[in-house]
């Protein structure tokens, strides 16, 4: 199912500011377009998150140029692009993970429903409870499987009783499709699982907090094909209830799991479109070059 | 399906205040810990400096002394033996009687007790050694050392309980205060503290012997530990094959780095003194023991700096047909030298402050002579501090504090040197 | 010839050999038509020849210096009367040192027999000295001529020199092993002798420690009490106090500096705290004994009186001037930077991905630290703490200066206790009669200390190493 309703015209807010902003940045890219316009359908009527005029700097170096993008409710948006195109950086902005990097400066509006999460006054702790994240490398805590999943619920005080916590752990593991494999060894360390299981454990850990949005930063890049297939299946199931933004290196994966696909190139959002369209008939030449494998 | 999202965020918000309070508390613990550590540094230094500074000064009484040749028993001013044997105490005593204007036997004794007659005598002797001819049979003003009890009393004037006052009679107190008011009794810089060796009298005791002892100790330590440490580091980094023997060496080095220093003292006692029969209390044996102690430090830091030399340099040299020794001596060693020097200075600074092993090999001894070589009996700065600390005489505690300041001064200089060497000489790759 | 003079002669001889052999290789090279016709560079020929001379000469010199005293002693024994020779080892040693002091002129003994013997010793020494000088100089000259004549262009001088260099390096690096062996030997033999006098179970489980009683020679050991339990408890008590100070402070400092503090704060605070690690222990001892101990005594004494004043029947607290508390507190402060820098390393080794994982779920910083980083770093922190404990146990000067020597079996930190290291120093400072149970006891204590610290270090280093591997 695809809830995203795309708009044909670019929102006035964005169209006014885009050229001006891009001009002020002195970086000359290979296509040398000072002002650029994202082609396709970057906006959604039923947006869970709306990003406007996002610029990201590492010290003096600009990593993201004026990106505008909506993520619709219960939609899966995939972000693809060559290495260093800024797609991971962009994703990490969505729950302020870039706060942990001192040199990183983020400007622009990030609306989660109607709250600007990039506001310095915004409290990141409840934000991250609403916008969860799954990382590139499986990073289970050196604790038992149970404690890994229960961790988020515990710190956020989601369970009042032990039985509530047990329920949360069980449902999360079930949703992550890991329950049958680990239900007999919940007290074993999370690190004893295989790579794919570890990553599903990390997903279970994330959904145990019942976030509204799940961010996934190349969740399968460290996994073998079978484990990857299992995770992709999982993403598909999760999209019933959650809004998902996923960064991936694999175009096939993007094609398989996402509703819409965003193509990033050298810090710029070149094209956003229905996934099918991006992979069959992209609007932009750069997108086409990328999906046909001319660079990557 | 009900909307779990809203429920979740409400639950999160419910406990948020508590969590942030915990966060603040935790931060506070961290800051308190750091504050405690910084406070300890501050307290330690102010305490030691406060106690030690007074050790650099001493009270002197200006009296006029008649350098009468017959009283001094010096007939020939060119005869060094006579000058050494001169009866300086007699003239000092006479000067004291004159100053306090006393004639009865009891008063003379009371007046005499206010001065360090022997200590002042040594000062006169030093002057005679330089120009006896000029000053014999003249009358000159001399700053005489007061007795250490007088010094103790005057330095603590105004403190509650008037420490040291009970040592004096009413008359003596009158004399002392009169002399202070007239400006004849003054606090002056105590040169004797830097020029003399140890002494049984606190007013004459100085740190020269200890400083020289520490100097010879470090000399021996440096001469042995620097080459051996570097050789070991080179062997382990450049030559050693991966085998059991190399592992054994590495395990030994790591463990020796953490063996208590007193154990090294036992080694020195049993092996160097008892088995090889080296003389006790000498910087030579002390240096051997300190070498064994500092070696792990030097080896570990030297290895780190050898490791930091990029392999490309070695490859370039090998590529030109250099032998292993040439690569090591011409390229690796010069590049790693700054790091090795830093490690060595830090190791030596440790050795300078080390006490326990020296205690075991008998360097905590009363040795008034200033050592002139590595095989003379000697003490070391930390040992001198310990000795003075143990001495029950009130004057020595102040000396110990002052000696601590001198020791810390040396350590600060050495560590600054090490930091400087690291900043200026070390190359970053 | 004095030893240093002889040494100088050797140095000059070796230098000359180097110079002449290098010259000779150069002249050989020019005969052949250039240096490239030699196997190695001329300098290697010089070094090779110098080594051929120096190594044997140094060996002769060294062996001679080590053994001549023993040989002279054996030769001296023949001048003693039958009666004197049958004296016990101790008394014989005393007699010999009396004779020795006559030779140096520092004794006023007027026994003509002893004076005659001392004259013999002086003679032996001068003969030995002369013989040594002649041997060394002759072998030096002989070897350098030999090296000169043996020098051939096809000599593999460079490989020989390189082999010597490598052997030298190997020799230096084995010193660490020899040191450990030396430590083991020096404590183990004396300890065995001690355990022959005092049974080992009495030493380890006995609760009475009063070595002073055994001074009288006719009741060696048997009457002196050598039960080391009070020493162990005293050491443990003081180490425990030190750890109570050092571990929380050091750990929190490390956590704050690595997780919270800005790099500017870190660059200022860290070096200041490191100062604590650089202060000599004798200074801490002085501080503990003269500042902290009186403060505790006065402070707590006043407190006790206050409590009594309020009507609670505790009465004035009895605080010893040499309380375990003062030494423990100061030792704790000394160990803070040790704990904090070790834990800092360990905490920094925790991968960023775990932090990201925790933050990504919405943990606050302290939750991340307490629930993720700390458990992950725990093995490494335990290793660091074990190393710190081993330091506290082996620390000597603070306790020697700030606690007493009375062995009391107590866990009250306000009382005076004694420790293993304090007893080792009190037993060994002053008299060095190697056979009394008193001195030997110090070595037995040393053995215990060595085994415990070695064990702790070994475990700690292994834990830390395993921990590092886990995250590498």
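Going by the order they are written in, the chains are A, B and C; count residues from 1 in each one.
What we mean here is this: a residue touches a chain if its C-beta (ideal position, glycine included) is under 8 Å from a C-beta of that chain, and two chains touch if they have at least 3 such contacts.
None of the values given here were measured: they were computed from a predicted structure.
In terms of Cα centroid distance from the overall Cα mean, chain C ranks first.
For the interfaces B-C and A-B, the C-beta contact count is higher for B-C.
In whole angstrom, the spacing between the mean C-alpha positions of subunit A and subunit C is 59. With centres defined as mean CA coordinates, subunit C is found 19 Å away from subunit B. Chain centres here are Cα means. That of subunit A falls 63 Å from that of subunit B.
For subunit A, the set of residues that touch two or more other chains comprises 125-126, 129, 155-156, 209.
Taken residue by residue, subunit B touches two or more other chains at 12, 19-20, whereas all remaining positions touch fewer. In subunit C, the positions touching at least two other chains are 362, 364, 367. For subunit B in complex with subunit A, the touching residues are 1, 4-5, 7-9, 11-16, 18-20. Across the complex, subunit C meets subunit B through its residues 66, 69, 158, 161-162, 165-166, 168-170, 172-177, 179-180, 182-183, 185-187, 190, 248-253, 255-257, 260, 269, 272-273, 275-276, 278-283, 285-287, 289-291, 333, 336-337, 340, 362, 364-367, 369-370, 387, 390-391, 393-397, 400-401, 421, 424-425, 428-429, 432, 434, 442-443, 446, 449-450, 453-454, 457-458, 461. Contact residues of subunit A toward subunit B in the complex are 123, 125-126, 129-130, 155-158, 209-212, 241.
In the complex of the two chains, the subunit B residues touching subunit C come out as 12, 19-20, 22-23, 25-27, 29-34, 36-38, 40-41, 44, 47-48, 51, 227-228, 231-232, 234-236, 239-240, 248-249, 252-256, 258-264, 266-267, 269-271, 273-274, 276-277, 292, 295-296, 299, 323-325, 349, 352-356, 359-360, 362, 364, 382, 385-386, 389, 397, 400-401, 404, 407-408, 411, 415.
The touching residues of subunit C, when paired with subunit A in their complex, are 351, 353-364, 367, 371-372, 375-376.
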